[in-house]
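Here come two complexes built around subunit A, the first alongside subunit B, the second alongside subunit C.
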Partner chain A sequence: MFHAKIKSETLKGVVDVVSTLVDEAKFNIFSDGIELKAVDPAHVAMVDMKVEKSAFEEFSADETELGIDLDKIKEVLRLSRAGDIIEMEQDEAKNRLVLHVGNITRRMNLVDTAGMSDPKVPNLSLPAKLSVTSDELQKGIRAAESVSDHIALNATPDGFEMYSEGDTDSVSLKLPKDLLISLEVTEKVKSLFPLDYFSNMVRSIPAGSVVTINLGSDFPVKLEFEIADKRGNVNYLLAPRIESD
Partner chain B sequence: MYGQSSSTFDNHVRSLSTAGALEVPAGSPCVICKGSKNLCGKDRCPLMIKFYSRSRSRNLIDSLDLAGMSPPGIFVGRFGYPKVDIGPLVPPMMGDTSLMDTPEMWVGRSIDEIVDFRFNLVRGKYRIDATDFQKYGRIVDHTRDLALSNDPTEVEAKFQKRPSGRLILDDEVQPFGPSARLQNLEIGNPRYDRRVEKAFYDTDLRATEAVKALYQEGVLISKIQKAFSVGAFGVDKRRRFVPTRWSITAVDDILGKDLLRTTKRNPTIEDWRVYDWEMLDNRWCILLMPTTWRYELIEAWYPNTTWNPLGQQIEIISSHEFYEGRKDYAEIGGCYYAARLAVNELLMAEGRQAGAVIFREAHPGYVMPVGVWNVRENVRAALKTAPHSFETLSTALQHVVSRMDISLERWISSSAVLTDMMTQRRIDDYV
Partner chain C sequence: MSEDWTELYRPKGLDEVVGNPKAVQELRAWADAWETGRPLKRAAALIGTPGTGKTSAALALAKDYGWDVVEMNASDQRNAEAIKGIALRGAMGQTFSSTGEYLSTKKGRLKLIILDEADNIGGQEDRGGIPAMVDLVRSTKQPVVLIVNDWYGLTKKSSVLKSQTEQVKFSRIKSVTVRGVLRKIAKDQGVKVSDRALEILAENSGGDLRSAIRDLQAVALGKEEVTDLNTTVVSAREVEGTMYTVMDDVFKSTDAQGARLRMMEVDETPETKLLWIEENLPMAYRDHLDLHRGMKAVARADTFLGRVRRRQHYGFWSYAGDLLSFGVCAAKTREVRGYLRYSFPMYLMKMSRSKSNRAIQNGISAKLGEATHQSTAQARQVLLPYFRTLFQNDKGFQLRMAMELQLEDEEVAFLLGEKIDSNAVKHLMNDIKRVLDAKEQRMERAIERPHPDVEAKAEKAEVRPQPAPSQRTLF
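Entry: the complex of A and B
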């Protein structure tokens, strides 16, 4: 059983974070909130999200699973304005999700979750940890986009650098320690990532958020941030590129 | 690539200008242009002219009248679109000529054989506005009837001049023989394919839906494409003639994309597979990978092949897409879509998903272009053979290299999909 009311902008934040990586997703519903784990089709990136019950205006649920086509939720969001409340209700008999916005009622078939197993979350111990605003990350991505299709994330005890090298040009955004919110790095680390993934993931982070970056050398990067007015948190994982020679 | 330095381009044009001595320098645009885009700036492709001068000129018919069994075949030109030449393809012979315009039946035949029977097809030409074809009357109606007909149909053509004898070659369209402007056209009773006829009379059915439905009912792609090119499908007012060359790729693209909607959701295959194939001095390896959908076609043109006639080195070109597909037209042309369809037919039949990389080496025996069917039908044929199965990517690639002349390093550096496989780690690698 699942029945909830949520602000449209909160729901949009949740959907954006997930739809960056997948078109359909399995939401695990509990009595105290919702959780989701998903990897993108190429198995390069992962999202691990938890949203508390208190992020909703109203929330009552028993443990269940909802397979949702995220494009359909986006269609409903397009019908709503900021501040609108969206009511969601599981119709167990017909295996549907029913959404109400104002006087509009949208009934959508749920996606079969039988083939959607929860991906295993890698247990990584990443030596470097730092926090930065998502706006700074955006800036670094914009700088890199015209230069290359990959981006290196470097951290040293003195600061953080986003570096991109193309065939002819290179670009770097250096953030010394005092421009970072926090920095816990004992030795230099560096990993290389596909820029399109990194860019799409960062773009779905709410503007003005603080992002905690966990980094190693030739290891996945973990991005942690909060959504839904700090009542939800998201971990993104992105696997590195290894330049073999 | 071409156009990066102006000196390469100048050299290219200069060398093409030297009468009699055609030379295609390294990095020339020929392998991309394939005689279709005039990238060198000349009015006509010098390589094509060379092919034409080589092809035997002969007078098939002495009179202005030609009677024969059309396979049935038609051709819609593309130059000057929407003002294009349309008309039938007619051989000067009776009997069952259906082979002549059914590329699905050509796998295993030699270039000489194919060129020989295609050369017998005389093209009648009649200029129309492709977007406003209704007003042109009988010749247009008869051409449409032919395209929709199931069996070879008797055709009597009256020409304005004697058909001039030369073979028309194109990288995407199968070759055909001499042509002349039509004075008049009469045809016997066409027998429509009932399935095609139904789509023809359904003026509310969108063209893409018609193409998909006919394919699912088992109509041959070459038949669907012919009907597509005479504007037999689509919403009434939007129907138009479509140049043959464009219609081939349109049908391959529509069908490939449609299959992908299903195959992209299937579970992946379990092993690394390589399918080997060789035909018309083209060597093929099709690598299927136990990954989600991604696809690349890599063509290596040897010196002395069609698009690399006097080059000193092998030219390699490729186009690819990842899971999300691609929006712009593939650099290497219609063959990309033809092969993509063939791969997805296999995945559909198996209920599986896979990543695919197609390696094609065109060796010097491949002297002239014979059309996109060559790629579609040969990839289909290759995928009907029993594949070699491997445990890892590297052992699969070892097999590919053992069958091909080009080194592994060169294949990988030419391939976006393989480069990604080699460099990009997966989340699963860390679980």
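Entry: the complex of A and C
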């Protein structure tokens, strides 16, 4: 059983975070909130998201699973305005999800979750940890996009650098320690990532929020941030590019 | 419904892959090369007819070596964007497996990227799929497997795929081997299947293990015992098979009514049936008067089919069908004996081989037609041959036209008579890009100066109407 009401902008934030990586996803519903873990189809990135019950206007649920086609939710969101309340309800008999926005009712078939895996979040030891505002990350990505299709993230005890090198040009955004919110780095680390994925991830972070970046050398990056007015929490993991030999 | 047996009994490792020991060995050697570094050919093409174990071998390989699998099936969309977004992206990076494990190539944990039915990529729905696949094969940093039925068809579209892949051939699986697998499965499922039934199933499959297992499941599901009787439910696999068998009824038997009934059971349109009869009739009826009468019946049937088309009166189908079976069968006065080697209609074969070519031709003709105010058909008949000659011989014309008509890679390749990934095509497409970029910059710099546009228009006016009228007066 699942029945909830949520602000359309909150739902949009949740959907954006997930749809960056997958088109269809399995939402695990608990009595105190929802959880989602998914690996993207190319198997290079992962999302781990938790949204508390309190992020919803109303929430009552028993433990269950909902396989959802995210494009359909986006279609419903397009029908709503900011501040609208979206009511969601599981129709167990017909295996459907029913959404109400104002006077509009959308019934959507749920996706079979049998084929969807339940990934565990791997335990990675990432030596460097730093926090930065999402706006700074956005800036670095915009700079990199004109130059290359990959981006290097470097962290030293003195600061953080986003560096991108193309055939002819290169661009770098350096953030010294005083422009960062926090920095815990003992030795220099550097990893290279596909820019398109990284930028999509960063774009789905709510503006003005604080992102915690965990980094290693030639190792995945972990982006940690909050959504739904701090009542939800997201971990993105992105695998590094294989450096040419 | 219970689980699909073909999935349930997929081999769990390379040792369990049946048939094709040589192919498995080659595949192992290729995988070993990946484990110890990077092989010369980063992609392997598994080539063979359906049901010979290509996909099974690829999946078994991944299991044996502990590799993660990213699979793109024919049911997924596989245009350029999808291949770049999933296969290529996965090929360039390290891996999070579907269970959420982080796998690094440094520790020998690779990701196998499988493109199933790779020869079907690059059709109308999968535009730009071939160049994307070439890109993948060239630049991948993870092992890639292409599963291919029609290797010839695929390499015709791109020679890179031939030169840059390790080719592993899978042949049809011997009937004895198929029987062995079926027996094992039957035993495991607790169904008693008689030897004769297994034999028929195995023979029927024509070396296609998957279809043999499907057939077994169809006849055995929910039963405790399968005797020969049940097996007759399973008819021979391919459509050609049934059309092949009807040939004998029409040409050899003297029972015209029987021929009529058998023909009716074949699930084909009368058009296709007509092509079959027409193709094989001259070979079957050696007596010229018999042949004359037979062909007369075929001609009559064709007349009816023409009327069906024109008047949309499908009632005539039955006359056409009867003429083709009963009519042709009753036309002979001499007995037809001995083995006849029936062939698949040439016309259908040629049409299916030229399908992609024709689609490209039509695409170009539609664009030409629009630019010259003609129908697509007219542009193809009248304009295209000359246009193609001009295109091949005049560099300036090439560039202008490719831009003006916004020709795609494959259309340029067709016009030049080159493969889609050949240098000639690439050069031209790069030139176009350069010119367009330059133009854009010029436009940005001087919006008030309109002359680049005027230039383009002048070019247009110059070439547009010329070929068609001048050709017409020639004849």
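The definition used in the following text is that the second predicted complex is superposed on the first by the 244 of 245 C-alpha atoms of A that agree within 3 Å, B and C clash if a C-alpha of one lies under 4 Å from a C-alpha of the other, contacts with A are read in each partner's own complex, and residues count from 1 in each chain.
Quick note on the criterion: a residue touches a chain if its C-beta (ideal position, glycine included) is under 8 Å from a C-beta of that chain, and two chains touch if they have at least 3 such contacts.
The model shown is predicted, which means the values in this text are computed figures rather than measured ones.
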| item | value |
| --- | --- |
| Fit or clash - subunit C, subunit B, common subunit A | clash |
| Partner chain(s) touched by A:Ala93 [first = subunit B, second = subunit C, both, neither] | neither |
| Partner chain(s) touched by A:Ala45 [first = subunit B, second = subunit C, both, neither] | both |
| First, second, both or neither for A:Ala82, with subunit B first and subunit C second | neither |
| Touched partner set for A:Leu124, first subunit B, second subunit C, both or neither | both |
| Partner chain(s) touched by A:Pro220 [first = subunit B, second = subunit C, both, neither] | both |
| Partner chain(s) touched by A:Ile242 [first = subunit B, second = subunit C, both, neither] | both |
| Which superposed partner A:Lys37 touches (first subunit B, second subunit C, both, neither) | second |
| Overlapping segment of subunit C (options 225-233, 279-287, 387-395 or 441-449) - the one that collides with subunit B in the superposed model | 387-395 |
| Contact residues common to both interfaces of subunit A (with subunit B and with subunit C) | 39, 41-46, 119-122, 124, 194, 219-220, 237, 239-242, 244 |
| Sites on subunit A touched by subunit B in the complex | 39, 41-46, 115, 119-122, 124, 194, 219-220, 237, 239-244 |
| Touching residues on subunit C, where the partner in the complex is subunit A | 38, 68, 70, 85-87, 89-90, 92-102, 104-106, 111, 141-142 |
| Residue ranges of subunit A touching subunit C (in the complex, touch as defined) | 37, 39, 41-46, 117-122, 124, 194, 196-197, 218-220, 237, 239-242, 244-245 |
| Touching residues (chain side subunit B, partner subunit A) in the complex | 264, 267, 291-294, 322-323, 422-431 |
